[in-house]
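After this come two complexes, each holding subunit A, first together with subunit B and then together with subunit C.
Right after this comes the complex of A and B.
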C-alpha cells in the first residue's frame, strides 16, 4: 500500500473503460474462492468495489493515507480472528488465501495509475493459480481458463489508446495470446519436473464428506441425500455386476451407547504384518480414483492387496493411505474374492469382535439367549436372525423414527422395526455378538453405476452402505447383509428401487433426475465421462505417471534428457506460433514481382545500397544507376517494364516482359557485387 | 534489349493519355497559372489535381502569400462562374446561401440566391466566421445543395469550394473542427517564394494585372470530361495494396490519435489518379500517391500527444517513410 502521487500524467492514468474491465476481472477471479472464504472478506471486497465505483463516477475521492492504514490493520486483525474462530492453523492455506484476497480487494481503492493496474493484473493471475489448490475439477479449470483470457484482455486493454478502447478487440487478442501459449503450456505440463515442494502449507482441510470412522445409525441416511461422487473405478477386465460390489472402507468393531466406532487399533508391534497366502487364484484388478475424503481409509473389494505405493493393508483387511486423502487419489488394487480371511482368530481379536455393552438392551440379551438355545449351530442362529427380518414386519426406510434411549438395539429390533442399512447391520452384529459369534459392522459403499460411455464405475455418496461380517470357523470372515433380507431390491438394483414415495421426497432434485433415465440422464453420463477422463489424464498425471511416460518415451530419465525434451518442445511450440504469424503475413503480400523487387532491395542492401521503404522501384533504380555510375537512361527500359507490370497491368502482358525484368534485376545484383569487389 | 517487342520504351506507351486534348489543356492551365503564381509549380499542380478529382480545396497560409490570388486564378483559368465570399466574424448563414425577400411588385416572397450559387466559391478566410456560418458552407460542400425556407435547391455542377484560411494560431479565428476539415480533399500551404521567383515578382510588379489578363483555357464541359477521365485512370492491385497499407499504418500506430477515415483513403486514391492524369499517365504509380499524400492527409491526422492539431505534417512524413511501397 503506497500512494503513488507522482504518477499523475495523462499517460499513466488508467483508461476508464479499462478500469471497468479490471474491476470485472477482479470479481471473476475471486468468485470461485467464495466457497472457502469467510463472509466478511466478501463484504470487504464488495465495499471496496463500491468505493472504487464511486471514485470512478467522480463522486467520492480516494481514501486518505490514514484510512488506508486503518483498513489494512483491520483486515489483518480480521484474518487473525478468523484463524481463531474457525480453528485453523495460522499458516494454513485458507488463512494465506484470505489474506491474499483481502489485500487484493483493498488494492481496489488505491488503484489509480497504470502501475497499480499492472499489480492488480499480476495478482489476478496469482489468485487464479491459488484456486487450483482447493479444487481441480474440469469445471473450475474451464472457468479459470476463461478468467485467464479475461485478465489478459484487461492487460491488453491497458495498452490500448485512450480514444480507442474496444473490449471485444482486447478479448480477441487475449484469446489469441492464450491460444498461442497453449502448446508451450502442454509441453510444460507433460515434461516439467513435478518437484516436491520446498516448504509446505497444510492443505485445505474442509469438512469431511462420505462415511466416517464413527457411526450412529442414521448417519448414512444423510449421505443418501447427496449425489456427490465418492470415487470412480476402472476395471482391467470385465465389469462385475454392481450387486456384487461391496466396497469395504471402515470396520466398526466397538459399540458404545448406540455409537459404533473403529475401536482400539492393532499395531504392528502386536503381530507381524499381514501376509496373504494368495495361492493360485486370479485377482480382480482395478484402479480407484478417490475424491478427497480427508481421511486415510481407502475403498476396495474383498480381499484387497495394494499395488500402488503409499497404500497399506491393515489387520482387518482394509486399505489405508499413508496420508489423509486431500486431493484426488489414485491407487491400484488386486482383490481376491475367494481368499479366506482369518482362518483362525487370535484371542485379542476375538475379544475385540465380541465386545458388547453391559447393562443395556435387556430384551435383546434375553432374545439372543432364547434363540441361541433353539439354534445351537452358529450358522442356524444367524439364518434365524435373517429369517426374522424377512418374515416379521420390518421395513426399509430413509426416514426411520428416532432411537432415543440407550437401549437402541431393543428399541429398533422390537418396537420401531423401521430403518435402513446401518440399523439392520448394527442390530445384526449386536445380536450375533450376544450369541458369542465374532461379528463387526463394515461401512463403505455398495454397487455403483456403470458409465456406458467410458465403462468405468461411478460410486456416489448415496451408494453408502453398512453391512455385517461374522467370523465362522473354517470359513473365516463372512459377509452378511441384513439389508438384503429386508429390501433385496436395494442390493439388486440400487437405492432407487428400494425407496418409497416419502423417501424419494427427501432426495435432492439432481439425484431424483439422475434416477429418471431421461435424456438429461444421458447428458449427465456424458459430463461424467468427461470429468472422469479429466481426472485420469490431467489431475491424475502425477510425478509417478510422468516418470513412467517419460521413461517409455525417452528410454530412461535423466535431467539432461528432460532438459532437452523441454527445449525441443518449447522450440517446437514457439516455432508453431512463429510459423502461423509468418503464414498470416505471407498471405497478405500480393504481387510476386513486388516480392522479387523487395528481395532485390535487400540483396543490394548487403552490398551497401539498401532500399528505403518509401522508395518506389523507379526511385530506387534511379539511385542504383547513380551508384553504379550509369546514366539513368540505361535503366529506363527496366523501370518502365517493372512499372507497367506492377501498376499498369494489361491482359496481353507476356511472360517475356517479366523475365526481362527478372533478368535485369539479376544483372544489377551482379554488377553491385562486382562493384564492391573492385 | 530494345529489340524485344514486349519492352516498353520511355517514349512509347508510358506517356499514353486517354485523350490528348486534356493533356494539352491541362499543361496550358498549369502554364498560365505559373505566370500568376511564380515559382509554385507543386502547389499549382496539387490544387489542380484536387479540382480534377472533384474535391474542395483548402489553402492555408499567412496573409499575403497569394492564397486568394491562386484561388481566383484557378477559377478564372478553368472558365467557371465564380463568386467570392469574404468571411468575417459577423457574417450569417443567410449571407452565403441567400434568402427569400418580399417582392412588392409580385406580392410574394422571392428567393435571392446567395454567392454560394456559383461553380467556384472562393471562401476567403473561412476560419474568421463563426462556427454556425462555417457549418452552413460546409454542409453545402458535402450535400451539394442548399436548403432555405424548407426548399432544397441544388447547387451548380461542378461545384467547388476553394477556401483560404489563416493558420489557426492567428488571433480572431475559429479553427475548423476535424469533422469539417475532413470535407476538404486537400489542404495546401503556399509558402514563401524562392529567391528567383521573388526577384521576378519584385521586378514584375503586381500580379493582379496578370490575373486580369488571364484567359480561360478550359470550360465547364471540358472540365467535366477531365473529371471523368480521372475516374478512368487505372489503379492496379499492388497500388491499392500500398494505399491500404498507408491507411492501416495510420490506424495502428500509437503515435496517431486516430487513423485515416475511409473518406480519406478514397480521397487519397482519387487525388493520386488526378495527379497521374496531370502527368499524362493512364495509370497510378506510387510516386503519384506520395506526391499528393501530404496535402490529402495532413489536415486529417493528429498526433496522439498533440492537442493543437498541427502535427499533421510530421505524421504524413512518418507515413511515407515507414510504409513500404512494395507489399
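Right after this comes the complex of A and C.
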C-alpha cells in the first residue's frame, strides 16, 4: 500500500472515537466466524482486542517488535496445529479463514496510523465476504449488512473533522451512503453477467449432514430428529400429495454384518449408458434447492431425468452431481412416475441385488425358506412379509433397542420387533433376498411440508426415510415400504403422527413447536417462505436463473442489450443520489435559530412590525422593544443569548439557552398580538 | 507537513499552470463548479478498487451470490462517494479578504473567506498554498468561515502565493476532489531589517554643522539605559566612569530636521543596504526620531509615526521592483 496516511495534512493519527468504532467493528465482523473457528483463534482475537483496549485507555504501550514476532510465530504454529488436529487440508478454506482472522486480530494490536486503520477496514470488508462462503442465510446477510454500515462508519470517522466526529453522526452518514448505494448494487446484482468459475477453489468442508452412504440400523439407540431443512422443491404443475413423495437419494445394495452400503458401481464398461425410453408420457417437472450435504447424491422422485447441467443419472436411477454439494445447489428434474425401470435385469445386477452374507441370521434363513415354500409366487411372498409386520406386535419407535452386528436381522425380526424405517426396510430387503428376489434398500426422504404462502415443499431432516425396492418380472423395480405396514400414519401424515410420548422427548424444542400447530407455526411458515424466496432469488441467482430472468425481462439476451440496461440502470440510480445531494431546499437553509428568527420576523410583520431585510436580530429586537414600550434593557438577556447561539461554533451544546430564546421569542409574539388587540 | 512536497511534477509544471489560468481565471472571488473541480481516486481508493475486483473474482470462483452482493455494494459505495466528494467542494465560494504584511522570513497572514451554499454542511474541506500549512474550513455549522493562512517569503516585494489548493477527501478518503484557484492574493514583504550601526552614522556626514551639542540642549529630557542602536555620543561617559553603567540621554525632540537615511551612505549590496535602512527606520521610529529616506530616484520627506514608517517600509520593499498592480 502506498502512502495513504499523507492526505489530511493533520497528521496520521486516528481520531479516538474512530478507533473505538474500529475496535467494535472488528468484534462484530469476527463473531459469525466463531461457528467454524477453533477456540484458540477466538482466544487470540480476544487477547488482541483486550490489549488494544488497554492501549486505547493509555494503560499499556504498543507491543514491542519482539512481542509482535512472538505473536506471529505463535499464531503460525497455532494454525499449523489446528490443521493437524482437525485433519484439514493445508489449503482448505477453514485454514485460510483462520489465518485471515488471526492476521486481522494481530493487525489491530499495532494499529496506530490512518494507514493501519485502512488496512483493518479493508480486512473487515474481506472478513464479511468470507463469512458468506460458510453461511448464506437471510439472518447472516442482514447481520453482515449492518456490519458493512459499521465498517463504513469507521471509514467516515477517519475523514471527518476532528471537532465533528461523533459515532452516531458517522453511523448516520455511513447508513445513508449504504442506502444510496443499494439501488446501484441491485442493478449490478441483476445484470452483471455471471460467469463460470475461473479456476477451482477449496470449498468449505464440514460434517456431512442428512443421510449417509452407509447405514447400520442396529447401532442406533436414539435417532435424533433435526428440523434442519434438507431441501426445498418447487413444482411447475400441481403439487402432489406428500404421501406420494418418495425422494430417492441413495441405493444400498450391499449388506455386510449389519451394515448396508452402496454397492459397487458398474459403469459403461459393463453396460451401455442408461437411456430412458420415455415414450409419450408427460413428466412431473420440478426444481430442487438442496442445502449443502457434502455428498454427490441428489434427491428426486422416481425415475428422474436431469435437466440441469452438472447432474447425471446412475445405473440405479439415482441422480448425482459432478461435485460434492458444498453450497446451496439448484437443479431441475423431470420425473416419469409410470416408467418401468429395468424391464429385464442384467446378470451382474441381479447378482448384486441378491447378494447376502451366508452363515448369519439362521432363524431368518429358516423363516424365509418356510415362507417361500408356502408362497411360491414372489408377490405373495412379499405381501406375506408385510402382512406379518402389520399383524404381529411390531412397533415403530425412535428409541429402538440395540442389536448385535452378526444376527441383527434375526434379533429384530423375532425378538425386539421395535425399530424405525431402516430396521423394517433392512429386514424386508434381507428376507426378500433370502427368497431369491432382487431387492435393495433405498435411503432418502419421504413426504414434506407444503408452505401455504408460496406453495413450495419443504423437506426437513426429520423426513429422512428408508424403504425397499424389489424387482419383479414385467414390473421392473417396485417400491415397497414396510414402514407403511407398521406405522401408516408416518407415511400419511408425517413423522409427528407416528410418534409416541417417549419419542417426542427426543425432539428439539423447535421441532416440537413446529408440531404444535399454533400461531408460532404460522409465523414459522412465514419465515420459511421468506427464506425460500431468499434462496431462490438471491442465493440461487446464478447464470442459469439470470439468463431466464433476463430473457423474460428483455425478450432476448445479447451483450449489447445487457450493457445498455446496466448503463441505464446505473445512470438512473446514480442520478437519484445526485438529485438528493444537489437539490437545494431553500426553506431549510441556515442555522435552525436563524429560521426561527425569520419566522418570528414574519409573524411580527403580520402584527405591523416588519423586520427590515438583513436587519440584525439585535437591531430588530431593539426596535421591537421600543414599539412595545419596553425598556431596551428588558430584552438584553434575550438578545445576548440569541447572538451567542447564532455565532457560537458549537450550536448543539447549548440546548438550554436555545429553549430560553425560543420561549422569549414566543412571549414577544404574544405581546405583539396583544398590543394590536388593545 | 507542507503541501508542496506531495504535489506531482505535472501539477507544478508551467503548462499545467497556463492551462489552469484559462480554465479557472484569476479572480478575488471564485465559486467552485464542475468546470473547476478535479476528482481522482487516492491511493487508498485504488486499493479499495483492488479489493472489489478481488471479491468479484472470489464470487465467480465460489459461485457465491452473496459475495457478489458485497462486491457490488462496495463498488456502488465507491461511485456514490464520487458524488459526495464532488458535492463537498461544489458551490463553495472562496474570497480573498485581506492580507497582513511583514518582513522577509516572517509568516505573513492571508485571510480567505470560505462560504458554502445554504443547505447541507460541508466537512473536511481544507485549503492551503503550496508553501503554507493547510487549514480546515469550518463550514459545517456555519455558512461561511474565515480561514487564516500563513506564508513565509524569502524575498522582499510583493508576495503572491499563487494558486490556492482547495481539497477534500470526505466522506471515505477513497477519492480526492481538489481545485487550484488564483484569488489574486498578494501581500507586501519588507526587507529583513539589519540592526547594528547607529542610524546617525550615515546622517552625520551631511548634518555635522547642524548637530546640536547634547550638553547644551534644553530639550534634554530624560535618562535611560543604553539600547543597542543608540548613538555612542549620547552615552553619559562620566556616569559610566563612576558606575560602569551605560546611560544615554534622551531628548523630547531631537531637533534634526535633516536626519536622512541615505541609501548611498550604507555599506553592502542593494539588498543589504535596503535591510540596513529598514533596521534604521525601525530604530528611529522606536526612538521617536524624525527621519527622511533618500533612495536613488526617490526621496521621502522627514516624518515620524506609523504611517510614515509604513510608507518608508513600503518604498524600501518595492525599491527596484516594478509595481505592476
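The definition used in the following text is that the second predicted complex is superposed on the first by the 534 of 678 C-alpha atoms of A that agree within 3 Å, B and C clash if a C-alpha of one lies under 4 Å from a C-alpha of the other, contacts with A are read in each partner's own complex, and residues count from 1 in each chain.
Quick note on the criterion: contacts are C-beta pairs under 8 Å (C-beta built on N, C-alpha and C of every residue); 3 or more make two chains touch, one makes a residue touch a chain.
Computed from a prediction, not measured in an experiment: that's the story for all the values here.
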| item | value |
| --- | --- |
| First, second, both or neither for A:673, with subunit B first and subunit C second | neither |
| First, second, both or neither for A:50, with subunit B first and subunit C second | neither |
| Which superposed partner A:540 touches (first subunit B, second subunit C, both, neither) | second |
| Dominant toucher of subunit A (residue count), subunit B or subunit C | C |
| Touching partner for A:70 - first (subunit B), second (subunit C), both, neither | neither |
| Those residues of subunit A which subunit B touches in one complex and subunit C touches in the other | 161, 163-164, 588-591, 649 |
| Residues of subunit A that touch subunit C when the two form their complex | 1-4, 6-10, 114, 118, 122, 125-126, 128-129, 132-133, 136, 141, 144, 148, 152, 155-156, 158-161, 163-164, 173, 177-178, 180-182, 184-185, 188-189, 192, 194-201, 203, 327, 538-542, 570, 573-574, 577-578, 581-582, 584-586, 588-591, 649-651 |
| Subunit B-facing residues of subunit A, complex | 161, 163-164, 588-591, 593-595, 597-598, 601, 612-619, 633, 636-637, 640-641, 643-644, 646-649, 653-654, 656-657, 660 |
| Interface residues, subunit B side, partner subunit A - complex | 1-2, 4-10, 13-14, 234, 236-239, 241, 254, 257-258, 282-287, 290, 304, 320-327 |
| For the subunit C and subunit A complex, residues of the former touching the latter | 1, 3, 6, 42-44, 47-48, 51, 54-55, 57-58, 60-77, 79-81, 83-84, 87, 90, 117-120, 123-124, 126, 128, 133-134, 136, 138, 140-143, 169-173, 176 |
